[in-house]
Amino acid sequence: MDSFRSKKIATNPVTEKLRGGQPCVGSWLTLCSPVAAESMANMGWDWLVVDVQHSPVGFETMLNCFRAIQLGGAVPLARVPWNETIWIQRTLDAGALGLVVPMVNSRADAEATVSNMRYATRGQRSYTTSRVAAYLDADYRTWADDNLAVIVMIETIQAVEQAEAILSVDGVVGCFIGPNDLALSMGITMKETGPGTEHEAAMLHVLEAAKKVGRAAGKHCFTAGEVSMRIGQGFQFLALASDGAFLAKAAQAELNAVDFA
Amino acid sequence: MDSFRSKKIATNPVTEKLRGGQPCVGSWLTLCSPVAAESMANMGWDWLVVDVQHSPVGFETMLNCFRAIQLGGAVPLARVPWNETIWIQRTLDAGALGLVVPMVNSRADAEATVSNMRYATRGQRSYTTSRVAAYLDADYRTWADDNLAVIVMIETIQAVEQAEAILSVDGVVGCFIGPNDLALSMGITMKETGPGTEHEAAMLHVLEAAKKVGRAAGKHCFTAGEVSMRIGQGFQFLALASDGAFLAKAAQAELNAVDFA
Amino acid sequence: MDSFRSKKIATNPVTEKLRGGQPCVGSWLTLCSPVAAESMANMGWDWLVVDVQHSPVGFETMLNCFRAIQLGGAVPLARVPWNETIWIQRTLDAGALGLVVPMVNSRADAEATVSNMRYATRGQRSYTTSRVAAYLDADYRTWADDNLAVIVMIETIQAVEQAEAILSVDGVVGCFIGPNDLALSMGITMKETGPGTEHEAAMLHVLEAAKKVGRAAGKHCFTAGEVSMRIGQGFQFLALASDGAFLAKAAQAELNAVDFA
Amino acid sequence: MDSFRSKKIATNPVTEKLRGGQPCVGSWLTLCSPVAAESMANMGWDWLVVDVQHSPVGFETMLNCFRAIQLGGAVPLARVPWNETIWIQRTLDAGALGLVVPMVNSRADAEATVSNMRYATRGQRSYTTSRVAAYLDADYRTWADDNLAVIVMIETIQAVEQAEAILSVDGVVGCFIGPNDLALSMGITMKETGPGTEHEAAMLHVLEAAKKVGRAAGKHCFTAGEVSMRIGQGFQFLALASDGAFLAKAAQAELNAVDFA
Amino acid sequence: MDSFRSKKIATNPVTEKLRGGQPCVGSWLTLCSPVAAESMANMGWDWLVVDVQHSPVGFETMLNCFRAIQLGGAVPLARVPWNETIWIQRTLDAGALGLVVPMVNSRADAEATVSNMRYATRGQRSYTTSRVAAYLDADYRTWADDNLAVIVMIETIQAVEQAEAILSVDGVVGCFIGPNDLALSMGITMKETGPGTEHEAAMLHVLEAAKKVGRAAGKHCFTAGEVSMRIGQGFQFLALASDGAFLAKAAQAELNAVDFA
Amino acid sequence: MDSFRSKKIATNPVTEKLRGGQPCVGSWLTLCSPVAAESMANMGWDWLVVDVQHSPVGFETMLNCFRAIQLGGAVPLARVPWNETIWIQRTLDAGALGLVVPMVNSRADAEATVSNMRYATRGQRSYTTSRVAAYLDADYRTWADDNLAVIVMIETIQAVEQAEAILSVDGVVGCFIGPNDLALSMGITMKETGPGTEHEAAMLHVLEAAKKVGRAAGKHCFTAGEVSMRIGQGFQFLALASDGAFLAKAAQAELNAVDFA
C-alpha cells in the first residue's frame, strides 16, 4: 500500500534547476479547468502556471488546478494578477511552489514581492502552514525560504533598464519577460520585434543582467522551436504556449482540414 | 444598438442539415470548461456536444457551456449520460437544441427517448418553456417538435441489427455510432476494426439502414481525414475529436519537440 | 447555418450613444444569477451592470453573467468594487465592455482609472486579448481605446466639486452619480434629498460640468418615471433599479395582495 | 446571546396547515440564486419550492437555497425532477421539509413516492440524519413520518381519474395540480382552459377527491387574485408565480414605461 | 525532477488487501470539502469514501475530493446514492477505484452492480478511459476488471438472508453492512443491537457467508475500539466514523470543556 | 407558523459581551465547507470566523458559510485577508457581523480599518444595505455603527508597542493576538514562547493596554484548558482551534488507536 503514497518532496525541482543553470520548460493554464490542468500535468512539463492575471479563474478553481497539477507530477505555480500582498500570500498558502509576478519595474517592486513571500523578520508574509506542507520532507517555513520559485516579470522598458537592480534582490530566483507588454512600453507593435530589433536587444540585455547576478532568465514562447533556440541562448525558465493556445490552434487547424465536398 | 442583438432562430441548423442530406461537423467538449467551450464555438463548428456521459461536468457547468457555445455561434447539444427521463428532460429545459443519447439498443429504447423529448399527447416530457425559447422566432413547444436534433447512439451489435427499427421511430433525426462500445459488444478490440472488418461492415450496415428510412448517420472521428472520408461515404453527423483530445495531442507533440540540449 | 452566428461588433453601442448625446437605459444585477441576467438581457435593456461592489458575486459567476448578458443582446458592464488595478484589469479581460468605477474623487483618481483601462504607452493595463475580442470586427487593443465605456462614479461632495476636472480626463466617457453615498458625504439623509435641496443642486452641478466638457452624466433611478424625468434633464446613462429590487418589490406586493379570508 | 438562536422546530407548519384545513401560500424558485431565495424568504411566504425539475439548479446550489429559505423563515421545499428514488431521498437528506413530486399518475406511483420518504419497515428510504435534524425538537425519524409535506402532482388526465386512489395513499399530505401538463394530456391548449371548461372541471374534481379523503389540494397561480379565488374554492397549497416570473414581469413593465423622448 | 512524479499504480491496494485476507481501514467523507478530504488523505487511511448517498456533495466537488484523496495517498472510493447505472458509471469514469453500493438486496441486484462496472461483453458499462488511467501501469479496461473494489451494501434482513447468493456473484470483492438500515428493516431500534442480539447474529451470518465464498466483509464503526474488535472477528473492510463525525465530536467536547467562570 | 421565524436581532451579542466585560468563545473555519460551518454553528459557539486570510475559501463559499453559521445560531464573522478596503467592505456587505483584521500595526492602520467599516461622514465605506439588514430590528446603518465587532489583530512586536494607541481608536471593539506572527516578528520560534517568556509578556502587555482603554483582548488557543486560563487572565475574545484542527487531531488519534493485529 505504501507504494500508493508519493515520496515527500525534498526540494523544489524548478528552483533547483534554475539555480543549477539548467533549463526547465512549462506551460500556461488559461482554460480554468482542473480537467485540462490534470491532462497537461501528466505530459511531463516541469511546471505549470495557473494564470490568474489574464484568465478568469476563481480562487477555488485555482486550488483545484493546483491539486491536479501536483497529482500529475508537475510543479504548481501561479501568475498572480499583480505585485500585490493578498494575492501573493493567499496563493502561496494555497500551495503554489512559486509565483510569476507581473510588472516588477524597480528594485523596490522586487523587494515588495519577496517581502510578501517571506515570513518575519525577513518579510511581511503572515504565518500559516501552506497546504503543500503535508507533502514536504521538511518544515514549511524553512523550506519556503530556500525553495519558492520567485519569478519576477520584466515587461517594461523601465524594468529592462533596472534589470540588474531588480534581479539582484535577495530571494529572487529568476525573471520572466513579457514580450507583448515590453513592446507596448517601447511604443512598438509585435511586428517590430524579433532578431535585430531593439526589442530583442532589450531581452538579451535582461538575460545578460540575469547571468551577471546569478539569476535565471525566462520568456514566453509559442513554439518548441523558439524554446529550443532560447535554451541555446541561455534562457532557462521557458513557457511554451498554454492549454488554451494548444487547443485553439489544433482544433482550428483540424476543422479547416475537413473536406466537405 | 439593435445590431448588437442577434436575429431570432428560425430553425435548428443541425436538424435542417441532417434532414436535407447535408453533412455537419462538430466536436465534443470534455474539459468541463466554459472558456474552452467558447473558444471552440468561435471556430466555425456546426455544433458542439457537452459530454455528460463520459466527462465529469456538473449541471450548472453544462449550462454555462451551453451559453458559451450559443454565443460563439455553434449549436449547443449534449450527450446525456444514459437514455433516461430526468437527464433528457432537464437538459432540454436548460437549452440544448438536441441530444446524443447513449445505448439505444431497440425500437422501444428509441421510443422512450423520443417520448422524453416530446410533450403530451405525443410523449411524456413535462411542460415548461426551455431556456432557449427566448431566442426563437416561434413558440417553443411547436418549434421543439420539429427542430430538436434527436440523435440515438447505435453502439452495440444488437442495436446494429435493429438499426432500421430504431431509426424509423418517428422523431429520431439521426444516429451516432460509438465505435469503441460497438467493438466491445462484438467481443473484439479496436485493433480488429477498420476497412474490411466486421466492425466496419456493421457501421456501413447502420449507414445503409439510415438511408433507407431517411435518417442521418454519424460517427466519431479522430482526424479531419476520417471526417472527409466518412462524408464521402454518406455519413452526415460527424464528430471530430474533442477539446480534450485536441489539447492533449497538440501539447504533447509540442513538448516532445523541444530540444533541451 | 450562418444565420445562427451573430454579426461582429463594430462599435460599443453604449459608448456610441453616450458620445452621441443619446440616453441609454440599463439596470443593475445583484442576484448573482446567470439565469436572472439572461432573463434581463432579453428584455431590451441597453446595458446591464454586474454589481461586484455591493453584491456577493464571485469572479466566475460574474463571467457567466457576462455571457448571459451578451447572449441576450445587452452590453455587459460591471461595477468594480473600488477604483483598483486588479479588479479593473481582470474584469475587462473577462469581457466587460465598460466599467462603472466607485469613488472617483479627484482628477488623479480618474487618471488612475483610465490608466488601468489603457495599454502602454498610454496606461498601465497589462496586455492580453480580452474574451470579447472574438466578437469584434477589429483588433481588440485599438477597439478598446475607442470603445470601452469608462464611467466614473461621482458620489462624494468632494467629487462634485471636482467634477469638471474629473470628467475632462481623457478617456472618461461619462459619470454616474451615487445618490446615497453623496448624501452621506454631505452629512444628510435621503429624506433631505430631492427637488430644491442641496443634494439635487449638487447633482445638477455634475450634469452641467459633464455637458461643459462633453461627457455624459448618469444616475441610479428607482422608477421609470424618474428615468424619464432625468432624460428630460439631459442625463444619459440611466440605471433603473436592479434585478433584486424588481423581484423584491413585485413579489412582496403580490403576496400582500392575497386575500386569505 | 440565546436570543440569537432560533427556537427548535416542533412541527412542520406547512403540513400542519394543510392537515388543519388552512391555506398556505408559497412561491417557486427558478433563478438558482441563494440571494433571490433569501430575499423571498424574508417576505412572509409560508414555503418556497426550489424547482429542480424545470430550473437548471445544481445540487449544492439547491442546498444553499434551502439554508437561505430557512434563515428567512419560510419552509424549504423542493420539486424533485421526477418521481425517482435518488432525488427524493437525497433532497430530504439535504433538509427539505417536504417535496412536490411530478407526474404521480397512479396509486402505485404515489406508493413509490411515499416509500422513498419513509424508512423501513414502512418504506425504502435509507437511514441517515437529515441536515434539518439539528433544528428539530424531536428525533428526525419519528418527526419525518409525521411532518414531511408529501405533495404529489396531479397533472395528467389519467391522474385526475385516479385522484382519489392516489390521494388516499397513506402518507400523502396533499396534491398540486400542474395546469399546463394537464391541458397537454387532455390534448388542449391553455386557451381552452378556465371557468366552464373541461380543464377546470378536472381540477375541481381533484379538489373534491382530495376533500373526500381528507387531503389538501393545491395549484399553481400567476396572480394574487387567482390565489384568493382558489382559497375561496377550498384549495390550500397555493403557489404564486416564481422569483423568475416576478422579476421578468416587473422589470419588463418598468422598462416599457420609460419615456425616451 | 522525476522524484516529483509518483510511481504508476500497479494494483488497487484495497482490492489486493481484501482478496488477500487482510484488513483495511478507511473513513467516510461527508463534509463535501476537498480541504477536509486532503487533510484526511494525508493521515494514513487505506481508503476514503466520498459519501454521495447521504451527504449533499455535487459531482464536481466529488471529483475535486478524489484528486485530494489520491494526492494524499489514500485510495479514492465513493458511495453512490443507489444501485443505479448512471451514478455507477460516471463515478468510475471520474476516477473512483471502487464503489460502495447501497441496498443490494438480491443476487440480481449484485449482478446489476457488476454489470455497470464492467465493459461488454461482460457488462453494460459504456467505454471510455477513466480519469485514473493516467496513473496506471496498465491498460485501464483490463486493470479495472481485476482491480475495482466492488463493495455491495448488505443492509436489509432480506439481503442478509441472500448474503451468500449476493456475495458469490463474480466481480463482487466484498460487502459492507449498514447497521442502521439493517436494524430498521428488522423492525428494531439501534438500542436493540449489539452482542447477543439478532442484529449481531445477522451481521455475523454475513461474515460467515462472505468467508464461505471467499469475499471480504465490512462494517461501519464509530470507534477505533470497535474497528479493532471487528478485525479480530474477521471483518476486513472497516470504516471508522467520518470527517463530519470526527469534527462534531471533538469540537463539541472541547467547547464543553471550557470553564467560563 | 410565526414560531418558524426567528426574532429580529436587536444587538450583536459578540460586541455586547465584549463591551460588557464578558468572555465569548468561538472557533475558526478553515475547511471552506458550509456543511462543517453549519455543524459547528449548532454546537453553541458564540461566534465563528470564516478565515479568508489563511484558508482557500472563495467569496461565494464564504457567504454560504455565513448563512450556515447564522442559521445554527452563532454570530458570523470573517478574518479578512489583510487590512484592505475591498475585502473589508464586501465582507460586511455579505453579512459579517464583525471582522478580524490582520496586521494592524499602528494607529493609522486601525483608523483605516474603522474607516472602511463606517459610512461617511465618519468613514469611507460605500453605502448599501448589508445582507444582514433583513434580520435586524433596526436600520442597518445606525445598527452597524454601534454593533459591528471590529477586532484588530495585534501580531507584531511593533503593534504590541503601539497597542494603546491602536486600541483607543474610536470604533475598535477589541483585539486579537496572533501568537505565531508575533513570535516571528520577535525573531523567536514558538518553542521560545509560554509562561515567563518575552512573548508572554508582550501578550500580557496587550491585555493591560486593552483594559486601560476599555477594549477587549483576545487570543487564539488550541485547547479548552488554555481558553479557561486566558479567561481567568481577563482575555475575552477567545478562539478555540478550528474545524480543520478539530478534524485533524481527532481523526489522526482515532486512526492511530486501531489495533490491526
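In this document, chain identifiers A, B, C, D, E and F correspond to the written order of the chains, with residue numbering beginning at 1 in each.
The rule we apply is simple: a residue touches a chain if its C-beta (ideal position, glycine included) is under 8 Å from a C-beta of that chain, and two chains touch if they have at least 3 such contacts.
Bear in mind the structure is a predicted one, so any value in this text is a computation, not a measurement.
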| item | value |
| --- | --- |
| Co-neighbours of chain E and chain D - touch as defined | B, F |
| Interface copy of D-E among B-D, D-F or C-D, judged by whether over half of the contact pairs recur | B-D |
| Inter-centroid spacing, chain E versus chain C (mean Cα positions, whole Å) | 53 |
| Whole-Å gap separating chain A and chain E, where each centre is the average of the chain's CA atoms | 40 |
| Centroid distance [mean C-alpha coordinates] between chain E and chain B, Å | 35 |
| Contacts with two or more other chains, residues of chain E listed in rising order | 32, 34-35, 39, 55-56, 58-59, 63, 131 |
| Contact pairs between chains, per stated definition | A-B, A-C, A-E, A-F, B-C, B-D, B-E, C-D, C-F, D-E, D-F, E-F |
| Chain D residues touching chain C - in the complex, by the definition given at the top | 23, 25, 27, 30-36, 39-40, 43-45, 55-56, 223-225, 227-228, 231, 238, 240-241, 243-244, 246-252, 254-261 |
| Contacting residues of chain A [partner chain C, same complex] | 32, 53-59, 61, 81-82, 84, 87, 102-103, 155-156, 178, 180-181, 184-185, 187 |
| In the complex, chain A residues that touch chain E | 1, 3-7, 9-10, 13, 17, 24, 34-35, 38-39, 42, 46, 63-64, 67-68, 70-75, 131, 134-135 |
| Chain D-facing residues of chain B, complex | 58-60, 63, 85-86, 89-90, 93-94, 119-121, 124, 126-128, 131 |
